[in-house]
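Presented below is the structure to which this report refers.
Going by the order they are written in, the chains are A, B, C and D; count residues from 1 in each one.
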């Protein structure tokens, strides 16, 4: 027992010496990351952390970030688990905001957790009557439509789906004039899959001349969200933990559509694809949801996914992107459209820090967080892994370059690069 | 959605076939509940864990796919035994809440362990008869699920044989009805319970593998729905009734499929649960449950 | 006061009670005896409403008990004890009586104070009943921690707490030694003196023969004899059915 | 401080959830319907403040009354069955409620902005607190005021006959019925009370997280609700609070330093606790010991004075 106590004291003292020594040596700028590292979405957290650690290491290799006085500061990060849970995401956000250590946060994973978390932030800056958190967030993962609008402190670097699917259908129409009809379904209890499917994908297809295979849908005009309830009613849908797809696959088969749309996350995408192949449904083309353009689909059902086309904001097609993919793998994760954004986010943060010029003084952290927020809001353009990322000014959303990928013998290959 | 009587029959077929999986899980729940009158909420999780270990053994040792269906049940049986010791064996006999809670803890642990090992990613599971899809006139039938249905009947027969024709079964039934008396009569009650947990575990592992094979993908997302389905099947069938569990499995599968067709996926489960609620209230002894009147 | 007419109860194929008739007079101690499985406990359970009869009637002062919900039979004036003691073991001794407590007719407290009040007067009355039951100094003990004999006494006190007209004692002497049985005899007689009517289901002849006024003997769910203790002791039929073989002569085993 | 207050909010809300299950567990009924009542309270009070611009107190009150009303309605049929059947019946109730809100889309234009529950997209911006200038300390104060009132009420219940009756039903239903207790009435009353408590907890939850969707109210949360009183022990209301602090404060937030192993340890710790203290953290013996200690201390104090 005594030995143990001694050990603790020794290690505590040495830890103290180490940290104080470090503090003297150089200023540190800390970024907080959080996301799902427990629960079924653990891979999201692992991938994000893997990329984050690589990005931070890269910044430091290049000398760190430049502060207002011209000195260089080291970048550090810490990554927390918030599961896919609103309460945990809020708790971590509060912790990071209160501890006064991190300058900015990158997280959380799920759209539901993000919707709740963004809600406890101050809605409009300088609204003294609003007691929400005042801490900047630059999210990498939560894709659901319109989240960043919830607070002026929250920003996203996530793919812009309306734009991507619009271009995708235009491209399909141009290159495959023989394809006319569409049919599909989504996991209705998943906000992102459902919203993107019923408000974005089907409308974009309609805009480019595709018709619904089982007859016209009332109210569907091609405008975003037009007739979305009817779209859902006319489709054959499932839930995100469903395991049986017989009825849905049969509806897909009967529709005889040229293009089938499967708007869901990897688990049910695979379940549905497997049932389609079991029922020997062979559409001319399958279009999927952005989030399924990840390694998970390849682990779950590479054979059945063969030929599926998905627009995505990440593919290792540039030198930088390929490098990030390699670094992520080296760190035990995968770079995909969600996690690769973390790399861009770290670089954006570095750029903003250098644009606005901060001191890195822990006592000034609140003012400097505000400066970073304003810097992010003022940022109109930045370099991403696939090209220039621009910003939708009033919403805090990003407009990212994207490519179309297709599942081909076990991997996602770029079949069209609209950049 | 438009549908006619052919669609209804077709979705009945789909539902009953897929219900075989529920039947198998319900069988294991029933077995444990029948033996100990205690609820093992980690049961479905251990079944899925069995399927995972079967799958992993394939990649680690490079075994042929069929071995997953052997290793899975064995591992699940081992997990069942561990669960018995960790959550039930040392709990006070009259206390129903403590083992229940411990099994919830075990459910969380098993789930997270799987997630830790796989990052939660869905994994492809070898299919049985991947190309067997028959067309009977207008109707389509999945060959693999037909096989699962066959298995569920065979396993039901085996369990019934074990329960009613062997000494182990005699012990299980005696322990279930009068644990103290059974103990006094020299029946090794802990050994009997261990055997029941192993047997149920093996059954569950088999069900887990068959579920994974028929979906084609294995994911930790499956555990909670499977737990709930298992409970539903157990009560609809009548607590402790083996054939009740089988019939209830088919019935639940059919009900889901029909409501999916008729009311769509958003309302499907509302009707299933409404029906379940009414069933419980109006027929609390289940399909084949015996009325317990004397104490 | 209690009249049982052609009472029948079947469990599946088993005829636990098969056409039972008897009448208990106001203020008497009525014995119901018979070999194991002859339907005595089932009869008690039928009177209390634990089971619904397959056929027949149970009348209390001319009122059909069958139309009264089981928990309301207490207010109608029926209380009971159990063969295998069933106390609220997690509650204290006095709380056990508190749960079952009914105020004297005419002195009932209002609904609110009955459920949410802590009337000291009531507490005193409960204490009196505990003193009577020889548990006065155990009021704050947990019921589950009492000795066996004390638990029996507490169960009896709990039945008395609801001020019943008729009290059903289901084998109250099971497992008692002879000193405890003597004490029980005194208690039953005291209850009789207090004006309660008692239906006593029992194996222990020492108790039955000493306290009952009249006895009905059951076999296979049917009454085979009725009369005073002396008459029953001398009844040939009873001796055959009940004391039939020498090995079974010790009735105390249950 | 914000962080600590945030955790206090979570602990407070979960304590209410746990106490609602505790009340019913006293009568021996294991119900997973609490999350359904919690959801009703959350949505109803959220709709009232967001769409109808009600005051928070009125909204919380009506939300919890609605939850209590549904608890009352579902109590009659559900409590006819016991044990595993009750577990499954209450699971179906909670799922029906959840799926109802999953399908509920009620979008209204308030001050130029579309607000209200939007089925799968969730119910966003339940921002009464922040929009009305409540500091976090006020929110925590409100939540803990409610927690204290509920705990006091439940403690008081244990001092009067009603509490003894609840526990009597929980110990032995047959004996309670034979002592003249109307089992259905007692259980339904406990269910209703539990519904009111869960309902107000739900309302506070919705307003302190600002967002709810149907994923929030899955059966997993119902499992947590019953876990608290079981892990804490049924002897005293304090047990439930202790268990919430143990799970939410210690395992979930306190073990963050364990990183990846935190979520693995979660399940193991629950198993361990149940094996070591099958009657809960705060069981009968511990309660008796604490009482003795307290009385010794107060007596000692008197002697000194």
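Here is the rule we use: a contact is a pair of C-beta atoms (placed from the backbone, for glycine too) under 8 Å apart; a residue touches a chain by one contact, two chains touch by 3 or more.
Keep in mind it's a predicted model, so treat the numbers as computed, not measured.
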Exercise for the section: Give the fewest steps needed to get from subunit B to subunit D, where each step moves from one chain to a chain it touches. Expected result: 1
Fill in the blank from the handout: Chain centre (avg CA) closest to assembly CA average -> D
Practice task
Would you mind checking which chain's C-alpha centre is most distant from the centre of subunit D?
Solution key: C
Completion exercise
Taking each chain's mean CA coordinate, subunit A and subunit B are separated, in whole Å, by 37
Practice task
Let me have the rounded angstrom distance from the C-alpha centre of subunit B over to the C-alpha centre of subunit C, please.
Solution key: 46
Exercise for the section: Express in whole angstrom the distance between the two chain centres, defined as the mean CA positions of subunit A and subunit D. Expected result: 34
Handout entry: Between subunit D and subunit C, distance of the C-alpha-averaged centres to the nearest whole Å
Key = 42
Practice task
At least two other chains touched by the same residue of subunit B: list those residues.
Solution key: 112, 115-116, 224, 266, 269
Problem - In subunit D, residues with contacts to at least two other chains - result: 102, 174, 260, 263
Practice task
Please set out, as single numbers or ranges, the residues of subunit A touching at least two other chains.
Solution key: 38-39, 188-189
Fill in the blank from the handout: Within the complex, subunit D is touched by subunit C residues 48, 50, 69-75, 79-80, 82, 86-91, 95-96, 98-102, 114-118, 142, 158, 161-162
Completion exercise
subunit A contacts subunit B in the complex at 38-43, 46, 188-189, 233, 236-244, 246-247, 250-251, 266-267, 270-271, 274-275, 278-280, 295-296, 299-302, 304
Fill in the blank from the handout: Counting only contacts in the complex, subunit A reaches subunit D at residues 37-39, 80-81, 83, 86-88, 90-91, 94-95, 97-99, 112, 115-116, 119-120, 122-123, 129-133, 144-145, 150, 188-191, 194-195
Problem - List of subunit D residues in touch with subunit B within their complex - result: 25, 30, 77-78, 80-81, 83-85, 87-89, 91-93, 95-96, 99-100, 102-103, 174, 218-220, 223, 227, 230-231, 260, 263-264, 266-271, 274-275, 278-279
Handout entry: Interfacial residue positions of subunit D with respect to subunit A in the complex
Key = 1-7, 10, 102, 120-122, 124-127, 129-136, 209-216, 252-253, 256, 259-260, 262-263
